[in-house]
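Next come two complexes built around chain A: one with chain B, the other with chain C.
Presenting the complex of A and B:
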């Protein structure tokens, strides 16, 4: 029952996102330096954090797949990367808009934070083509998991290296030395972080549920038409679920 | 450092609105794609239900003839 509790989760997420939006725009004070423009912070930074955490989570799910051989872990990892990529695109767009307003440029190639995030995104952009390039579903799942683990390790390493290096234009968020988020800003930031996490989890569960329903329908169609084993499988980057009928 | 002086509200407003709208549009596009997939699943389910119904009606007729 993958859809169990999804309605309550969706409602909570919608409420949290609405509350975050209202708090960010009306309750949090304007930044002394950036003014109203700093409001982008409440959507851009939590999205970036959740994107990177999502990639790491996908790596952990891929480890579970490699250890158990259970195709459900492959699906979970695949969906985690998919949702994180979508969030990552939102990070790049909101970041570019903010950069244009604050620095007068859509993109700054000299800054390691921006370029490293782009590198991570480009790395994960190869995930789907990699899957699509492999015909055999089992081999596809295995190779994809190895990719997810390797890339999942690269993400925190890349993040740590960038944090250790000098910052050019992109500010450091939640820096131990110069943490200067005042009370209300901090509350709204953590609220935004929670609501973006909820959004990620909701979308992830939504897609997992949809994938399982589709797989169950395919299995049912196969049973009814009795052509399941004869029909040639369509080439796809999406993971194949095995033993769908037995799972709940 | 490329940073410039803080923008006034009327100048910063469109950037903030643009960022938030972009974020919501991305989420909306994703939900719309998922909704399209859901309706495809619904259609498949209808077809399968119809197949089962026809099959059971055929079975009933066969039993009736016997």
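Presenting the complex of A and C:
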């Protein structure tokens, strides 16, 4: 069962996200300088952290795929990158809004965090085109995993290199020494981090479940019509699951 | 069969690739022509006659990176289209020798390219004298080229057997090359200052060397998976 525990997870996630939004809007104090706009912080920063962790996790899953050759790891890596890309677009949009409010510009070049994030997104934006451009499913999976590992290493390295640039306008959220988040804000921030992580994991599990169900359905349809599924598959960026039917 | 020494295989592959280039001239002349044309474009695009400092460094490095893409796109094409990969896989050589050879080929291409590009840049656009910047530039060129060559050899292999290699090669390599650009351009910028200012921050050579080493390791670890079939 791929969907095992998915209902409980979804309910927990919905509850956590609702709680976070309520706490961020009504319980956390307004920022003295930015006012209400600062609330976007509770969405933007956790999303950014989860996105980058998701990319790195996808790299680790890709390593597992390359080591074992198990196509399920490729699916996990693919879905992790897919969800992180969607989260990443949200990060860029919310970050842009915040930059406009805080610094007066939609885009700030001397902020290393923003710039590194854009670089990482530009790199990952080529992941699906790369997959789409390879016909053979096995090679597509292997090449995609090589990409995911390379890019997964690039994520922290890129942030380190760009941050060495001479600018520090972006606040360091998790830098405890200079952390200036007052008590309630800190609680809501960690709550938001947990709920966004839950959201990522839930969406990841949903998409993986959907992929497995679709693959099983295809296999069953092949059995019912007693035809080998030898019709030329439509070219796709999505990974192909091999050996579906054995529920493991 | 005795497995040949990897370095000997790298040297043989390098010789073969250079001979191929000398017979066909399909990468280097295009790269050199591209560089000179780009300088002319920058002259008209920026509407300036002479560059110095940050701007000079940036124009030079961006042009070199874009010219390198032309080579990155070409180095595996003969292997992919004319059975070079199959022949190589049939041999008992270590696969990573191919990575070493392609990295070396790109290094040679870039060195030759810079022999043309630097004088052309000095004549066409550079305000301070090239001679005063050259001793400092050699280090930046060496480490910058190494980074471009390693990343190019890995991404070239990743992109060559896809249906959109001319598009994917540059799109994947450019974000990976941005840290190389940051380090190399920041390293070179004070060398191109006019009047000449001494002193280069130590961190740029250090970061660039680390980045090169890291991507060397990544390419070494992953290359086998790109030439399995």
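Quick note on the criterion: the second predicted complex is superposed on the first by the 234 of 248 C-alpha atoms of A that agree within 3 Å, B and C clash if a C-alpha of one lies under 4 Å from a C-alpha of the other, contacts with A are read in each partner's own complex, and residues count from 1 in each chain.
Rule of thumb we're sticking to: contacts are C-beta pairs under 8 Å (C-beta built on N, C-alpha and C of every residue); 3 or more make two chains touch, one makes a residue touch a chain.
Note that the structure is a prediction, hence the values are computed from the model and not measured.
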Joint occupancy of chain A by chain B and chain C, clash or fit: fit
More chain A residues in contact [chain B versus chain C]: B
Which of chain B and chain C A:4 touches, first, second, both or neither: neither
First, second, both or neither for A:93, with chain B first and chain C second: first
After the two structures are overlaid on chain A, angle v-u-w for chain B, chain A, chain C in degrees (C-alpha centres, nearest 10): 130
Partner chain in contact with A:163 - chain B first, chain C second, else both or neither: neither
Touching partner for A:101 - first (chain B), second (chain C), both, neither: first
Touched partner set for A:67, first chain B, second chain C, both or neither: neither
Partner chain(s) touched by A:135 [first = chain B, second = chain C, both, neither]: second
First (chain B), second (chain C), both or neither touched by A:184: neither
Touching partner for A:213 - first (chain B), second (chain C), both, neither: first
Minimum C-alpha separation between chain B and chain C after superposing on chain A, in Å: 21
Interface residues, chain B side, partner chain A - complex: 1-4, 6-9, 11-13, 15-16, 18-20, 22-23, 26-27, 30, 34, 37-38, 41, 44-45, 48, 51-52, 55
Parts of chain C lying in touch with chain A, wherever the complex brings them together: 154, 158-159, 161-165, 167-168, 171-172, 174-176, 178-179, 182-183, 203, 207, 211, 214, 218, 221-222, 225-226, 228-229
Residues of chain A touching chain B in the complex: 21, 31-37, 39-40, 43-44, 47, 86, 89-90, 93-94, 97-98, 100-105, 108, 168-169, 199, 203, 206-207, 210, 213-214, 217, 220-221, 224-225
Touching residues (chain side chain A, partner chain C) in the complex: 66, 119-120, 122-123, 125-126, 129-130, 133-135, 139, 142-143, 145-147, 149-150, 153-154, 157-158, 161-162, 164-165
